[in-house]
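Comments concern the structure below.
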Amino acid sequence: MSQRVREILSWYGSDNPGMLTNLARILNHGRLAGTGRVVILPVDQGFEHGPARSFAINPAAYDPHYHFQLAIESGCNAYAAPLGFLEAGAREFAGAIPLILKVNDHDTLQDEKDPTQALTGSVLDALRLGCAGIGFTIYPGSMQRLKMYQQMRAYAEEAKRHGLVVIIWSYPRGSSISKAGETAIDVCGYAAHLAAQLGAHIIKVKVPTSHVEKEAAREVYEKEKIPVATLPDRIRHIVQCCFDGRRVVIFSGGATDSDAEVLEEVRGIHAGGGFGSIIGRNSFQRAKAQALELLATIMSIYAGNGAP
Amino acid sequence: MSQRVREILSWYGSDNPGMLTNLARILNHGRLAGTGRVVILPVDQGFEHGPARSFAINPAAYDPHYHFQLAIESGCNAYAAPLGFLEAGAREFAGAIPLILKVNDHDTLQDEKDPTQALTGSVLDALRLGCAGIGFTIYPGSMQRLKMYQQMRAYAEEAKRHGLVVIIWSYPRGSSISKAGETAIDVCGYAAHLAAQLGAHIIKVKVPTSHVEKEAAREVYEKEKIPVATLPDRIRHIVQCCFDGRRVVIFSGGATDSDAEVLEEVRGIHAGGGFGSIIGRNSFQRAKAQALELLATIMSIYAGNGAP
Amino acid sequence: MSQRVREILSWYGSDNPGMLTNLARILNHGRLAGTGRVVILPVDQGFEHGPARSFAINPAAYDPHYHFQLAIESGCNAYAAPLGFLEAGAREFAGAIPLILKVNDHDTLQDEKDPTQALTGSVLDALRLGCAGIGFTIYPGSMQRLKMYQQMRAYAEEAKRHGLVVIIWSYPRGSSISKAGETAIDVCGYAAHLAAQLGAHIIKVKVPTSHVEKEAAREVYEKEKIPVATLPDRIRHIVQCCFDGRRVVIFSGGATDSDAEVLEEVRGIHAGGGFGSIIGRNSFQRAKAQALELLATIMSIYAGNGAP
Amino acid sequence: MSQRVREILSWYGSDNPGMLTNLARILNHGRLAGTGRVVILPVDQGFEHGPARSFAINPAAYDPHYHFQLAIESGCNAYAAPLGFLEAGAREFAGAIPLILKVNDHDTLQDEKDPTQALTGSVLDALRLGCAGIGFTIYPGSMQRLKMYQQMRAYAEEAKRHGLVVIIWSYPRGSSISKAGETAIDVCGYAAHLAAQLGAHIIKVKVPTSHVEKEAAREVYEKEKIPVATLPDRIRHIVQCCFDGRRVVIFSGGATDSDAEVLEEVRGIHAGGGFGSIIGRNSFQRAKAQALELLATIMSIYAGNGAP
Amino acid sequence: MSQRVREILSWYGSDNPGMLTNLARILNHGRLAGTGRVVILPVDQGFEHGPARSFAINPAAYDPHYHFQLAIESGCNAYAAPLGFLEAGAREFAGAIPLILKVNDHDTLQDEKDPTQALTGSVLDALRLGCAGIGFTIYPGSMQRLKMYQQMRAYAEEAKRHGLVVIIWSYPRGSSISKAGETAIDVCGYAAHLAAQLGAHIIKVKVPTSHVEKEAAREVYEKEKIPVATLPDRIRHIVQCCFDGRRVVIFSGGATDSDAEVLEEVRGIHAGGGFGSIIGRNSFQRAKAQALELLATIMSIYAGNGAP
């Protein structure tokens, strides 16, 4: 067990050894094992955007086994997916990689102004499938957010009692936030902090822009001269918003970008002290060989080995 | 046990042997036993459209025993119906055919823009009636869909623990979808995938048209040149959307068609690799002799014996 | 055990000795131990206003350990915070200061006219973290208030059975109350009384102004010549509204003020017989040395030792 | 919080902060606060031996308040008693001293060869009375012991979840053990170890003699030359048996002895690294002034201030 | 994941992927990772025989951390112990080695003719401590055995639902069996089979002798000429008794033997196709360096690398 992993575990003093064991399983798996950095493969796009928009570009990805294999071969720390995708491979790949059950999900067949998600999995599902943790999405900014926080709380209490890691996807969204605001630095920082206050062990937010959405926040960002110009600045700020670095926070990109764009972003996250990335579309929407190459480069950046 | 049935059972590695046993009961019953193809007789029309619209054309069908007999005599794999219809014959026909309890239902005395269904049966009902599985309808596209997914999740968790097969009727419907959109290829594929992600063992969707409903989807269908021109193409795509063939997906027609139309459709489903049909109105709204003849022809198509 | 603390405990004759023990833990801790006066450090600002607006002015405060240390070093009676902040330090600071788990919380990413809060912690969370009590916010004046009262009731019943102190943050707010009305003497008095009637052991309200919001109330305040001109007058009235002094009521300021303003207010609360203050932003939004100095002065006022 | 108390708390890594808080309450209370040494007043003699045998020698001790006062005035770390005695004073003395509810008890109206105890209190009783922990007696050596261990296990699981300290009175007794064997070094060491393995946070055993009861043990004590000649030797061995010093173990004497005998024993416990004493009959069966004097001397020995 | 581990996992088709994941954690940890062979360090001797008889010969072993370290450094597949020993190190060593909670235990302060064990841990304890499985002892041959089987059944059902591995220590003992009979080949084979029939995933029995205890069995062993002359013969027979090799069965020695004796036995187990050893006293009752050397040699025998 590396010194860094021990240090990270030490932040979770209110959790039982069961949760620490599962967190260690994630931190000690794959190419980044022991570094304290984390790259997770999430595949909830099929639920979120439908199968064709998610997988037609790389039809092998229609097969649930593909994603287990991609996560394992690339050396990701964990693979996260909804119930159906995990059920379709959990026996075949048992023990091969830490799993995270996404316990709520959302589709886009309706386009609500104030979205929420459906509860689609349970803590007992996570245990029977051998998962190391559960993933839960909240939408700060939605009129439905308070109800989502309450659902999260109940799941988190049960998960923690059973020794599971709780990961919150904190995605600002809803009628009070502009499209640009969803990735605004103030909103992302707020969303990350909310997830930490709700008791998340690992927090997932989008890579923030330098836009500041809320008037009340802008005054503070300007007055206190909070540096948000560069990506490392912004990452550093998000880390600060997550209990000054006492909680693991990782970042997701979004729609498919060029390799160069993805790597530039990863370098920024690394430079700013972010703990890692959750890379969905930019991995499974590439041909497997290319995805493996990109993920290898990403992980070598996080491992601090430099990169091409 | 045929090789094909073994192969199908192998896809359900996260389920217990109880569920596999019930799935095998369905797959190994009737004329299509062992082929891996499935034809199910569903009779929830009385609840959905009222008795006169459902049965007046063939008054024998007012009698619940009629449907048990039709399913048995025609050699269907299973018979699916709401609580009342099953309770009215489960003793008399105990052991004669696998039963599926439809655990939620909807009437059309109101015409909601965003419909949902009422929970009308329980997992315990299914067990006490000797059912092999439960059937649950979801309406992707309805504002009520997330609540339906949550209800489904709870039913599925309980059903799986008790070894029952979970069948989702995934019928897109609601304020965000046009009438044509309900059978659009993109929407049907999405609906089928949602059912699979929610943990369905068997998925039932409508036969899709080549219409593409959603803008975001159309871009992908065109760019990736997803073939949707012929019915076999579309069936093949739906099968792909169901975990690349790792989940059983079957198709329903709808209102009564001519024999020729029905058989044309079945030939398309068969050619595209669909697992079978769920045939309600086109069977019980015909005189019994004609229904038996049509069903026999359908099954011989699925059995790959050719057809007139 | 001082005579005053005994007297205060004697007011809670329907509570079990477990609750009295925890109330005594709060009253007997820190610089004001035994005086019957109470100063509590609350840090739910991060949840309420976001991390940057809360902590950028004093970046050390991003670290959850900072607040434990500030509360301990300043000699506060207790430290109150949401789940995440308490979980992040409860092991390291176990036994060092009475903790209060804020079990509901609210963010300001939406700006509802009739706000409510999300349930974010449980009574069992409070017990496993070693808390002496729970804190619950209600918004009298909001259309959501009755639901909040009901949630509170359920929490209070469970908390009291387990020997925990129940503290209600009673903050008038919502469509029926003007901005000025939120601190109006009639509304504050009413809100304090509601909290007492709901079974609060400790009540927290804002420092009231002499404004009278409601017509029906104004008639009475004028007719009965209720003195509300000076701050001590108003505090005396609030104490009266809290069962004529038989419940502990403490006061919160709000956004950061000058030291002089804060101290002036504290002198008023002290002169009017208020039991103390809950001081969040005016402590953690100052540099630590200044915060410690200000809190020391505040406590010496409450201790009746005079003040600079 | 002293360094020593921090060190002791660090041994309980599988417990929640609630348990640590209550353990800290005990360790930080009274004259020995912060030293890591513990003196507890237990008064379950009335239940065990009847009131006259227990209290007639010092009739003030019939009054339950007497024992609260004795524990408080003497500066004990905690007061332990059965339900009735605690209920009779818990309100009056709430917050004045950490309480321990003895949740099982035994009377001597029968003289079983293989005794057990009755469950006489619950975890919820402990919480409603404001206790810091529960006390549970086991009788290793009794034919009933396994059932007692099981009862203990259930109590401990519930107590730990609610943040209470679990103290096991481990008193060898029963048909397989001679009278001398009840305090034999091998039997006491075994009994202490059993309590630790059962999950006790604090272990209470009798002061052991150098007698070795069991043949199988004697071989080992002789072969390994385990030093048991002096009391400090034996205490050191018991501490070793309690996870090599990673669990708090305290010692009880028994029937009333002379002051000199008691102090001699305490010096031995102190010299051998024992954590303290639980002193019942030797305190409440003396006149209060003498008891206070004796307890003061005992505590000064434990505090390492020397002794007269 | 090695082919052999996959093969072993394939035997447990009625278990959920959670159990397979935890079984894979055990099979893939330590020096024998991937070989399908297993060496487990069990330390329940302190409970069974008392601390002095267990640890005095190697006093470092009084410290619970010692055993975690020994198991980790030697590269054992797992470490098994009662609640107290696991609680005393589960936080410090979280994630470092698969843990097995011994959920029932027995002491030897009584010497019952028909022994049973006390339930000393729960499935939830195992989960909160991060264990991969639970260990449960049964005493076939005891008058208490049927009650033990029932207790086991309830534990196993709960453990399996939560994805934990169930290990049965099957130790024939009791009034119906002679001392020699406890390790008789017929009795050991019967005991191993009972454990398998009770649903154990891993079975632990003693190394059998060629003695046949029961008359009814002797007739068959002789008539069918079951080979039991050599240790490999007997091991082969035990493996056969465990569902013809479809359950993992491992062997325990007993009191400390010479290195040569231990290794001879291990060679026999290996030659007979046994899956491995559970080595308690022969590891922790040696000085650490010697224990590490012995365990290394044992593991190289199991790994098939030859041995000195």
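Residue numbering begins at 1 within each chain, and the chains themselves are lettered A, B, C, D and E in the order written.
Quick note on the criterion: contacts are C-beta pairs under 8 Å (C-beta built on N, C-alpha and C of every residue); 3 or more make two chains touch, one makes a residue touch a chain.
Values in this document were obtained by computation on a predicted structure and should not be read as measured data.
Each step here moves to a touching chain, and the least such steps from chain A to chain C number 1.
Looking at which positions face the partner, chain C and chain D present mostly the same ones, since more than half of the interface numbers are shared. Across the assembly, the mean Cα position most removed from that of chain E is the one of C. Comparing chain pairs A-D and A-E by the number of C-beta pairs in contact, the larger count belongs to A-E. Separating the centre of chain B from that of chain D, both taken as means of CA atoms, is a distance of 68 Å.
Separation between the centroids of chain A and chain E, computed from CA atoms only, is 40 Å.
Centroids built from CA atoms put chain C at 58 Å from chain B.
Distance between chain centres (mean CA atoms), chain B to chain E: 49 Å. Looking at chain A, one finds that residues 13-14, 16-17, 90-91, 124, 128-129 touch two or more other chains. Taken together, the touching pairs give a contact graph of some other shape, not a line, ring, star or complete one.
By the contact rule set out at the top, the touching chain pairs are A-B, A-C, A-D, A-E, B-E, C-D, D-E.
Contact residues on chain A toward chain B in their complex (touch as defined above): 46-47, 49-53, 56-57, 59, 62-64, 82-92, 105-112, 116-122, 124-125, 128-129.
Interface of chain B with chain A (complex): residues 11-15, 140-143, 145-147, 149-150, 153, 157, 172, 174-177, 186-187, 189-194, 196-200, 214, 216-217, 220-221, 224, 226, 237, 240-241, 243-244, 246-247. Interface of chain C with chain D (complex): residues 1, 5, 9, 16-25, 27-28, 90-91, 94-96, 99, 124, 127-131, 161-163. Touching chain A in their complex are the following residues of chain D: 13-14, 16-17.
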